[in-house]
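Each structure below is given as structure tokens.
There are two complexes below, and they share subunit A, which is joined by subunit B in the first and by subunit C in the second.
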Partner chain A sequence: MKWLTTAIAIGVGLIVLFDFFFSLPLVNAIGAAFREWTIILTAFAVLLGLINLLSVHLSRVLRRNEPSAGYSALVLVVAVLVFVIGLIFQVPSAPMNWIFDNVYVPLQGAFFALVAFFLATAAYRALRAKSIETTLMLLAALVVFIGQAPLVNAMTQAKEWVLNVPSTAGARGILLGVALGTIATGLRLITGMDRPYSE
Partner chain B sequence: MTDIIGVWVGAVLTLLVFSYLLGDTPLFRLAQAIFVGVAVGYAATVAIYLVLVPKLFAPLLADAATNWPLFVPLILGLLLFTKLRANWAPIGNLSIAFLFGVGAALAIGGALSGALAPQLAATIVSLSPAQGWGTVVNNLLLVIGTIGAFLSFRFITSAQRPALRALDGAARRWGYVGRWFVLVAFGAIFADTAVSRITILISRVYYLLHNWLLVIK
Partner chain C sequence: MCSTPNPVENVFCSNCGARLVPLTSAAVPEAKPPAPPIKGLSLPAKPELPGETQASEEPPSPPAAAEPMEPTAPAPEPATEEEHVPEWLARLRETSPAQQDEESPATEESAPLPEWITPTTAEPTPDQALSKPTEDELPEWLKQAHIGQTQPPELTSETEDEIPDWLKQAQAQAPVAPAAAENEQAPDWLAQAAAESASTEEATQAEPTEAGEPEPVSEVEPVQAIEPPKEPEPLVPSEPLIESLEATVGSALAQAEAEPVAASPSAAVEDDGIPDWLREAAPPATPVEPPKELEQPLPSEVPAWVAALKPADVMAPSLGASENEAVEAAGPLQGLRGVLPLALAIAEPHPPTETSQPASRADGGSIFESILAAPTAAAPAAKPARRALTMRPLIYLLLLLAVLVPFLLPYDITSSTFNIAGTPAAGFYDTLQKLPAGSTVLLSFDYDPSMSGEMDLLANAVVRDLVQRRVNIIAVSTLETGPQIAQRILDSAASATSQYTYGSNYLILYLPGNEAGLANLATAGPATATDFVDKKSAGQFPVAAKIRTLRDVAMVIDFAGTEDALKAWVEQVQPRVNVRIAAAVSASVEPKARAYRSANQLTAMMSGLMGAAQYEVLSNQPQLAVISINAQTAAQLVVVFVIILGNIVFWISRARGHAT
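Then we have the complex of A and B:
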């Protein structure tokens, strides 16, 4: 079975890679089909993940003396309820839009807003001028933070400079490293040197 | 009427989440459970109605003879569900291998055309004094910083030959300077993230005061 999975990964990977670099009608058509199939497979994978999540919560509900059983039951009830409403009315529809606008968006917004408090405490702990590096980080954070408010024109200009010159240089160096790392990892997968799908 | 109920539901849920500021309260956990449940139910419906039905089931039901290649993703997709049982899980590796193959190829293409090429092109900047000394200094800083930041992630042992060792030392020192640029970038990203989260916090508070309590216009 392992040779088959490796063959599939290498074959499919090479065809999609050739499709990316060369203009060959047959390869391009197969590459486009593979990309479409990947979207379909990803949807199946999402369903698989959701089933797994629900089974974990169901096992918690069924287990005795489980302290978070009530919350797991709530997860199950809400998930099934939203899923049934979605099956009946489909997406997009007025009931699903109502759920999205009045339940999902407020919850997501509130969770993200909560991060502001955690960031404040993290900044208090982490941003201390102990060395050149931490001083630079603190200064950059302060300039960008204060520069967001249109109070002093010089601060706004300083923020623009920090974002356009040193911050861009640092982020670009990281991006180049990430890109090279991605290419190396991708090549290792396509050539069969790494086979995480066989585990 | 549904608008009023919607505002009340949104406001109560927002307050449940904000109860975390008092500690890990049962109200916050309630909000967490509702959020996970809604997200799961919604994601499942989206996966079915926006992907599986239009891209797979509808074409197969309409004309299976013409769209027969779609049986391949259907079979691979169904094989994925063997992952739910440990004994059958290896069969699902066929689908995982397909996803890895396509994913790796797309990642290589994306990294080349979306990150490497444009970022390198953007780093090739003019140092001509004709554009003003301020721009020249900025461009120089950009190049020194980009290469330095890149070199700061260089983790290799020192070379043995004297010439290579000198080169290695220069790269190490340049990388040390590059780390300063990386930390400035981290600081800027941190501040940007903090500002965006504060903006969301303000929007939630505005929602409570404007839409729910009708205190401000």
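Then we have the complex of A and C:
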């Protein structure tokens, strides 16, 4: 039955590809239907993610000698609590907005702010002029850091040059490489050379 | 009989003269209750002879069938033997001439064949029917003697026609074994029973009847002579039978152990409810010996395949069995000597075999021996563990102070030093200023709460400016938390502006499916999506009623916290509808956004906290971004200091390493 799954994948891929390049009413309608199916599957993926999260933490709670059982229990309690509140008051609502603005967003912001401290220590250990390449990288980082600071206007032009020329060239090369890789992967899928769906 | 009532003492009827009292009274055999069955036993039934059970208690009574109840009519003329002998009997005589010679005189002398066995073609007369012994009139010993025999006594013309041909042929081919041979093959109990039956029959024949009529011996003798009882089928031991016998014998043995050994087993089990035939079948003189070793498995318990594994005696010498080798004391190998010589071979000391080692191994061995023989060098003294000094606590402390202290200082210290002209934020601001009032822009909130600290500043600055300029806003998000972020920012900006309401001036939509959702938005427009607040179709709101496709919006502004979100808009939406897209992205996404901006795939772009602060200054609405820029500037300077410090320490340590 592998030929059937391969045929379906190739057919769907070609239809979506033609839908992108050509304005054909029938192909556009079929492509829109496929996209709707994808959206539905994505919604189920979110549901599966929630179930997986709860099952993992529930197994940790039920397991003996699990050091992180307390955190997992907290995750389960909070998840069930927010889920019940959402079912009762719907989204958006005042209780859910309060939880979001006063619990979720500050916790996420505080967790993300810790990255600044880790980056500072990483810069102390990693950004060292051990070779020519690392020296160039160190100089570029110092220029951008200092150029971002509004107190030192002298480095602003240098920062803009670093970001516009070498940084953009590197980013463009990365984007082009990613695009070529995506095209190659898409061609392999459409031609049936790769069949990740049948594994 | 005339049915006239007569006195009791009358022998003949006073009216018709008929005899009222029979000449002889039939002795009704005393009904003996059947022996209690033994559970689990399915032994073949032994013919129960009346004289066997009553021989010691009462005189044997003649068979009921031999005594006619009433005077019978004169017997019909006996037909000649040659005419009335059945065909199967003639064949039997031909096959066994010796037996025929022995039995024929007795048969001829005693009496002709009985009438019931004589085949006649005509219907039997009533007298003949009366003379013929019925099944009920036969004694039980005769009934059971006929059980299983191929030739029943009811071999009349009526039944002969009903016998199938195959049975007739079987009867003809059945060999008639002599009685002597039969007695030799029969078991003891059957032979004993046959002997007792014979003695009983002899006594019965010798006793004259009351009527003085000749005993119809011919009715019995031909049956015994022609159809001797077959040898019972050999016992097939079944599991229930074996179990029940073991249980019975076991209980009997246990009782025999409890009682004196001299007592006979029959006497020992006399009151146990065991039937007589089983008691007689037991060997009378064999004393019961207690089991020798009950712990040892009985031979019957050893499966055949285990017994097959038992080594033969001829194998012992080949294994080198000797008197010194051990004898197996238990198990299936009990009594065998030297069956397992390998254990002895292992246990006994044996000289090592001399094998030739390769030269390389010999050299290696000598080297290893020399190493072992060499004096060991003194191990270097372990240096005391010194806790390495790390700069981590100092870096954390400096960074914390750099973030907190600027919030205590006036916020306008650095705002005047901004170099805004020619920055991306300035281009972004100029692009938005070209939007006419009343136009509709589509804002995409593609960041999660973890990036709200940076992205909220950008979004707040842009949304406040748009709301103040009465630009309608349709906010969309492909993330689950995006609509709530959009709602918080838009409600905050709308509350600061009069007559800017939800549905009329701004709308919030949720687009599930990431790239697929964006593709659907590009092709179908925002009117087909569902409202986030009221869960209605976007087309029902005035702000989206005029927007059929995405080309109808003046601009798309993407607040992208990640590269993928920005790339999705550039790849899925911009090529399909060719709408203008401006991006306000995180500082980490700025290099990629600059690439799209330089390719004119983005109309405008600004990034990070610095871009938000510049936009606030340009829109003359200094808020949190301007305040935060001081803290960010201080933190960046701390990071620069840390990088320089790290390089100084590295170079110093490197110089010390070269010196040492």
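Note that the second predicted complex is superposed on the first by the 195 of 199 C-alpha atoms of A that agree within 3 Å, B and C clash if a C-alpha of one lies under 4 Å from a C-alpha of the other, contacts with A are read in each partner's own complex, and residues count from 1 in each chain.
We adopt the following convention: a residue touches a chain if its C-beta (ideal position, glycine included) is under 8 Å from a C-beta of that chain, and two chains touch if they have at least 3 such contacts.
In this text the structure is predicted, and so the values were computed from the model without any measurement.
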{"item": "Touched partner set for A:N28, first subunit B, second subunit C, both or neither", "value": "second"}
{"item": "First, second, both or neither for A:V162, with subunit B first and subunit C second", "value": "first"}
{"item": "Contacts of A:Q148 with subunit B and subunit C, given as first, second, both or neither", "value": "both"}
{"item": "Partner chain in contact with A:R125 - subunit B first, subunit C second, else both or neither", "value": "second"}
{"item": "Contacts of A:I39 with subunit B and subunit C, given as first, second, both or neither", "value": "both"}
{"item": "First, second, both or neither for A:V80, with subunit B first and subunit C second", "value": "first"}
{"item": "Touched partner set for A:Y71, first subunit B, second subunit C, both or neither", "value": "first"}
{"item": "Touching partner for A:Y197 - first (subunit B), second (subunit C), both, neither", "value": "first"}
{"item": "Partner touching more residues of subunit A, whether subunit B or subunit C", "value": "B"}
{"item": "Touched partner set for A:N97, first subunit B, second subunit C, both or neither", "value": "second"}
{"item": "Subunit B and subunit C contact sites that coincide on subunit A, given as residue numbers", "value": "20, 35-36, 38-39, 42-43, 46, 91, 96, 100-101, 104-105, 108-109, 111-113, 116-117, 119-120, 123, 127, 138, 141-142, 145, 148, 163-164, 167-168, 170-172, 174-175"}
{"item": "Subunit A-facing residues of subunit B, complex", "value": "2, 5-7, 9-11, 13-14, 16-18, 20-21, 29-52, 55-56, 69-70, 72-74, 76-78, 80-81, 83-84, 90-91, 93-112, 115-116, 119-120, 122-123, 138, 141-153, 178-195, 197-198, 200-201, 203-204, 207"}
{"item": "Residues of subunit A that touch subunit C when the two form their complex", "value": "20, 28, 32, 35-36, 38-39, 42-43, 46, 91-92, 96-97, 100-101, 104-105, 108-109, 111-113, 116-117, 119-121, 123-125, 127-130, 138, 141-142, 145-146, 148-151, 153, 156, 160, 163-164, 167-168, 170-172, 174-175"}
{"item": "In the complex with subunit A, residue positions of subunit C that touch it", "value": "391-392, 395-396, 399, 403, 414, 417-419, 423, 448-453, 480-481, 483-485, 487-488, 512-514, 516-517, 519-520, 523-524, 532-533, 567, 575-576, 590-592, 594-595, 598-599, 608, 610, 629, 632-633, 635-640, 642-647, 650-651"}
{"item": "Complex contact set, residues of subunit A against subunit B", "value": "1, 4-6, 8-17, 20-21, 33-48, 50-55, 68, 71-72, 74-83, 85-87, 90-91, 96, 98-117, 119-120, 123, 127, 132-134, 136-145, 148, 161-180, 182-183, 185-187, 189-190, 196-198"}
